[in-house]
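Each of the next two complexes has subunit A plus one more chain, namely subunit B in the first and subunit C in the second.
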Partner chain A sequence: MTIQFRNETFRNDFTYANSPGNIPRFPFPFPEDVYMYSTNVEPHHATRAGSPFENAFDVDEHYVAEMKDRALVLAEDPGRCQALPHMETAGWDFVELVMVSKARDYPDLFELTIDGDRWHWINKPLQIDDSFIFGDSSTLPCHPMEYIGRQVQGDHAILDQRDGNLWLDAGIITAQADWSLDFDIGMNFFEWHAPVPLAHELGVFQRALKFLLSLPQGQPSRRLNWTLTVNPRLDTSPENYPKWGPDRTTVTPENIGEKVHLRVELQTFWRLPRSNAILFPIRTYLMAMNEVVTQPKWGRRLHRVMRDLRPELVEYKGLSRYHPMLVEWLSQFDDGALTSPGIFPD
Partner chain B sequence: MSESLIEESILSRPTYGTLAIAPGLAHYFVADASGAECVIRVAEAAPRDFMEKVHILYVPTPGENALITALYALGAKRFEHFPTIDDAVARLGDWLSDARMGSQLYLAGTETLIGKAVAAAEECGLDHSAVQCEHRGSLARRVQCVHCKTMIEKVTTQPVKCPSCDLLLLVRDHYSRRLAAFQGVCINAEDPTEDIEIREVFK
Partner chain C sequence: MSASDHLIPVVVSKVVEVNSIIKRFEFKHVDGDELPAFSGGAHIVVEMLDGPTKRKNAYSLMSSPFERGQYAISVRRDDDGRGGSKFMHEKVEAGMKMKISPPVNLFALDLRAKKHLMIAGGIGITPFIAQMTQATELGVPFELHYAARSASQAAYMDSLQDRFGDQVSCYCDDAGGGPDLVGLLSDQPLGTHVYVCGPRGMIEAVVQTATGLGWPAAHIHFEHFLSPPVGQAFSVHLAKAGIDITVGPEQSLLEAIEASGTPVNCLCRGGACGQCETKVVSCEGDIAHNDHWLDDEQRASKQFIMPCVSRFRGERLELDL
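And then the complex of A and B:
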C-alpha cells in the first residue's frame, strides 16, 4: 500500500481537499438519521479494510501536511504542548505505543528496531531517522510526548488516573475544536467537560468516566464526535478565535458547499502500561459539504440530522449563523428515501 | 450559614461551603477583610486547646486595624498579616511546605483569595479534602484572557476589555483551579463591529 501524501494547507489559501478515493473512507459520524449525545463507545479493533478503523493509528493522505501545520502552531504558541512534571513516564508509554503500532501497520513507511533500551526509529514520510535510549529524555530533542506528538495525526491528551477520577495533566493540542489546553490542564474529567451543555444532565460523563477508569490494557476503545468548521482549518483554538471566528460570517448559499466542513473526531482511549495513564488521541477528519454529498446516503442523512438538531447544540457547536442556510442547501440532497443503518456509504 | 450569593453554574465553577473545624494536627487559616468574621466565628466555637494548633494569615483592607486586633486576640500559635493576597499566599506556601500530615486549611473571603490559596495548597501537595472554603465579600473575578494570556484582576463587568490586547472578553463560568482564574474569550470575534453593552454584574 502506498499513500500519496498531499501538499496542502489548513490556513490562508486553504488548499486542503480530499481526493476522490479518500472520500468513502471518511468516518461519517451519524449511524442514524437523528443525533443526540450518547456514550457511543465501541472496541477499537480492526474494522473494515481501507476504513480509518483498520489500524491503531490511521495514516492517510493528509499526514505530512497535518504535521507541518502542527509545527506552525507550536512555533507560534508553545503553550499548546504542555505536560505536568509527573507525566514523563506516560510520554514514553505514548512513544512506545505509536512507534510499535505504526511500524507494524505501515512497514513501508515506518521502521522500529529495538535492542534492549536502544531504539532506532525511521519515519520515512517525515524523513526522520533517530536513535535514542528508551526512557532517557535527554536522548530526545524534546519531551517524549512532544517528540512523538509531532509525528502522529490528531491531538493527544494524556489523562492521569487518581482519586477515582481522570486528570488532564498533559497534551499536545494544535487542532482542537475550541478548547484550551493551557486553561484546562490539571482539571479533572468533569471540570474540563463543564462547558458542554445537556450531557451532564443526561449522565453521559458519569458513565464515560466509569467506563474509562476500568479501561484495561490492550483493549482500546473508540467513539466519534463531530462539529462543523468553516474552511478546512485545523487550528480552531479559543486562543485564535479572533482569526477564525469571522469565517462564520462568510458563508453564502453559493459557497456553502465548499466552505462548510463536517469535522469529525475519531477519539480513541488506550490504557498505558507503565504510567497507568490513559492516552486520548483526538484525530480530526475534515470534509467539505460538496464532498460529503457525493455519497447519497450521507447527503440524505446529514440533511435530516441538521434539520432536527437540538437548539442548544446548534448554539454550543457555533452553527447559529449559517444553520438555517445549511439545512436549506442540504434539503436538495434528501429525496425522502430510507437510509441504511450504520455509518458506511452504500 | 454561608452568605455567599453564587448561583448554581457549570461543574468547573467552584462552590463554597461554611468553615467548620475538622480533625487535624495543625489548622491553617487564610482570610481577607471580608472573611475575617468567619475565622473569628470558628475560633469562638472551638474547644479550649484548639488555638494552640492554629496559624492565621490575614490580608486587611488598607488602613483597617480593628479586625487585625480582633484576630490577634484569638491567641493563635502564629498570626501574621500582609498587605496583599499574593504576599499572604506566598507565606502560606512556606508554611505548608513545612507542614505535617493531618494539616487542615481554612480559607475565607473573596474568590481571588480563595482561588490563589487553593492553587498554592495544591502545589504543596495538600489533599483537596483537607481544604475548606467560605466565600464572603465581592464577587469580582480574576480572569485569564485566553488570547494573550493576561491575568485581569478584580473584574466586575460583563464583558470586560482586556487591558493588554484590547479584545472585548466574555467572562465565562469555566474556571481553572491551577490558574485561580475564570476564562475570558472574545465576545465579538465573529463580527467585531457588533455593539455590546458592558454591564456591572460581579459585585
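And then the complex of A and C:
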C-alpha cells in the first residue's frame, strides 16, 4: 500500500487534517469511560493490521509534513537536539533500529543495504540516498541521532542506564507537550518526572523505573499518553509558550470542534544493544474534536472521560480555561449508550 | 517478563579446554543468523536440559561485542555446585543444539568514564575481555589487573598480555599475591571508574578500599558471580497459583517456580539485580537469604525472598505468586 503524503502545516495557517481513511487508525487513548494514571504498558508487538501498532515505527500520511516542521524548529532552535558526549554509541544504535525496522516494514518506501560497516540507505519520501560507515560519525552530515531523528516521526529521547537509574542524556525533541529537553537534559528519571501530580504518591514511577531497568533486548514495550492542544500545533514547547499559550483564549463554542485537538503520544521503549541505553520514542498523533466524534464510540467515551476528569489533571494538562465548554460540547455526542471495551472504534 | 522468555536457538560451534578447570564454549545461531549486538559486561542465560532437569545458568559473554557471528562464554567447573557447570563440562559437545537468552547487561561500562580501571579475580575475567575490546574500539584508556590462584589456572592471561600489552597486569597467589589496592586506587586520574568482578572477598576489598579513599559510589562498579547454592529439598506454597511445589536439592526456588509454569520476573539469576524479589505471605521457619539485594531489615522481616538464590528450611513457606 502506497501512502499519499499530505502537504500540510502545523503552524500559521494550520492546514493539518486527517483524511477520512486515516481517522479510524487514530490511537484513541481511553480503553474505558474513566481515566486515571496507570503504567498501562504492554508489549510493542505487531497488533491489528492497519493500526498504528502494526509496525515498529508507524509511518502515516503526515510523515513528510512532520519532518518539514521538525526542520523548521531545528533551524530556529538547535538546542532542541542535544546529546551528551557519551551518547554517540546510543545514536548509532538508534540509526540501526530505525533503518532496519523501516526497510523491513515499508520496503516500498525505504531501502537499506549492509555490506560489513558500509551502509547504503534510501529514504524515498524524503528523497535521501546516503552511504556511510556504520559507527563513524564523520561519514554522516551530523550526529547519528540527529541524522535519523530527522527521518522518523515523533520525538526521541535516549536514556542512559547507570547507578540503578535512567538519565535523560540525549534527545531530538521538536514536537513536545510542554516539556523542555534543554531544561531536563542530564536529569534522572525521578527528576524529570517531578512536576507530574498524583503519580508519585501512587508509586507509578517506582514501578515504571523498575520495569524499564530490566527491559530486555528485542522485547520493546508501549503505552499511550494524552493531552489536548488548541490548533494542530506540534511544537508546544515551553520555549515557544508565547506563540501557543494564548491560543487557549481563542476557543469558543462555535469553533471548539475544529480548534481543540486530542493529542495522543504513542510511547515505546527499546533496549539498545551496544550502548545498553533505552530509546524512548514519543510519537504524537493529533485529531480535531470534529474528527474524533465521527466515531460514535469515541464521542460518547470522550464526553464521559472529560466530564469526570480529576481537577488536578485538568489543571496539569492545561485544560482549565476551556474544559467546561468542551464537556458541554461533547455532551451532544453522548446518548448514554454502553461503550465496548478497548480503544478501537466499533 | 524476563529475557529468558525469548530464547535463541543456537548450536555449540566449538568447545575448548582452556585449562584443567575452565572450558570455553562458542555458540552460533542455528540458522546461521546474526546474534544480537551487545555491550561489554553483558551475560546470557544458558538453558541446560539434563534429563528431566532444566537448569538455567548465567554466563558473561567474553567474545567481541562487535562480532555478531558467534558468542563465547567460559565455564569454571564447580564439583560442589548444583551440576550446571558439571553438565557444561561433561555433556556439552560441539554440534549440540541449545537455547540461550538474548544478552542482558547488569555490569556495563560507564560511558562517561575518562578511564576504566578493571580488577578481575579468577573466572571473573570473562566480562572484562569483552569490555576491553569495547574500550579499545571507543578509544578510552583502560587498565586491567587480573589475579588468579596459580599460573596454571589463570585462563587467558598470556593471550590478554599479548593482545593488550602493558594495559594488563597479572598476579598469581602462588607467586606474590594480588594487586596493591591502596596504591592502585590512590593514583588514578579524575573521571576514572573502577570495576571489579571476582570472589566475594575481592569485591569487598575493592569497594571498601575505594570508598575509604573517597571514591564516589557512582564510580565503583561490581558484579558478584553467585551461583544458586545447593541445599536440602523444601516445599513452598504459591498463593495466587494455588499450588504446592517442591524444590529439589540441586534446584533453585526460581527454577522450581518456572517449572510449575507460574510467571515470575528475573534477570541475573544470581541474587544481584532485584527483579525476582517476591513477597512472602507467611513463613514458619528460616529463609537462607543468599542474595546481594535485600537489606538487613528486609531479611529480618521475613517478608521478602529472592527465589533465584535463596532457600528455606522449616514448616511452611507461602509466596505471593
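Going forward, the second predicted complex is superposed on the first by the 346 of 346 C-alpha atoms of A that agree within 3 Å, B and C clash if a C-alpha of one lies under 4 Å from a C-alpha of the other, contacts with A are read in each partner's own complex, and residues count from 1 in each chain.
Note that in this section a residue touches a chain if its C-beta (ideal position, glycine included) is under 8 Å from a C-beta of that chain, and two chains touch if they have at least 3 such contacts.
All of these numbers come straight from a predicted model, not from anything done at the bench.
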Worksheet item: Where does A:89 make contact in the superposed view: on subunit B (first), on subunit C (second), on both, or on neither?
Response: second
Worksheet item: A:160 contacts which: subunit B (first), subunit C (second), both, neither?
Response: second
Practice prompt. Scan A:273 for contacts with subunit B and subunit C and give back first, second, both or neither.
Written response: second
Discussion item. Tell me the contact category for A:183 with respect to subunit B and subunit C: first, second, both or neither.
Written reply: first
Worksheet item: Counting only touches as set out at the top, which of subunit B and subunit C does A:246 meet: first, second, both, neither?
Response: first
Discussion item. Contact-wise, after the overlay, does A:216 reach subunit B, subunit C, both or neither (first, second, both, neither)?
Written reply: second
Practice prompt. Could you list which residues of subunit A make contact with subunit B in one structure and with subunit C in the other?
Written response: none
Worksheet, complete the sentence: So, in the complex, the side of subunit A touching subunit C is made of residues 43, 84-87, 89, 93, 96, 160-163, 210, 214, 216-219, 273-276
Discussion item. Going by the contact rule set out above, which residues of subunit A touch subunit B in the complex?
Written reply: 79, 180, 182-187, 190-195, 200, 238-242, 245-246, 248-249, 321
Worksheet item: Which of the residues in subunit C come into contact with subunit A in the complex?
Response: 1-3, 5-6, 36-39, 42, 65, 101-105, 108, 110-112, 138, 217-218, 265, 267, 273-275
Worksheet, complete the sentence: Listed in rising order, the residues of subunit B that touch subunit A in the complex are 10-13, 144, 146-147, 149, 167, 172-179, 183, 185-186, 189-192
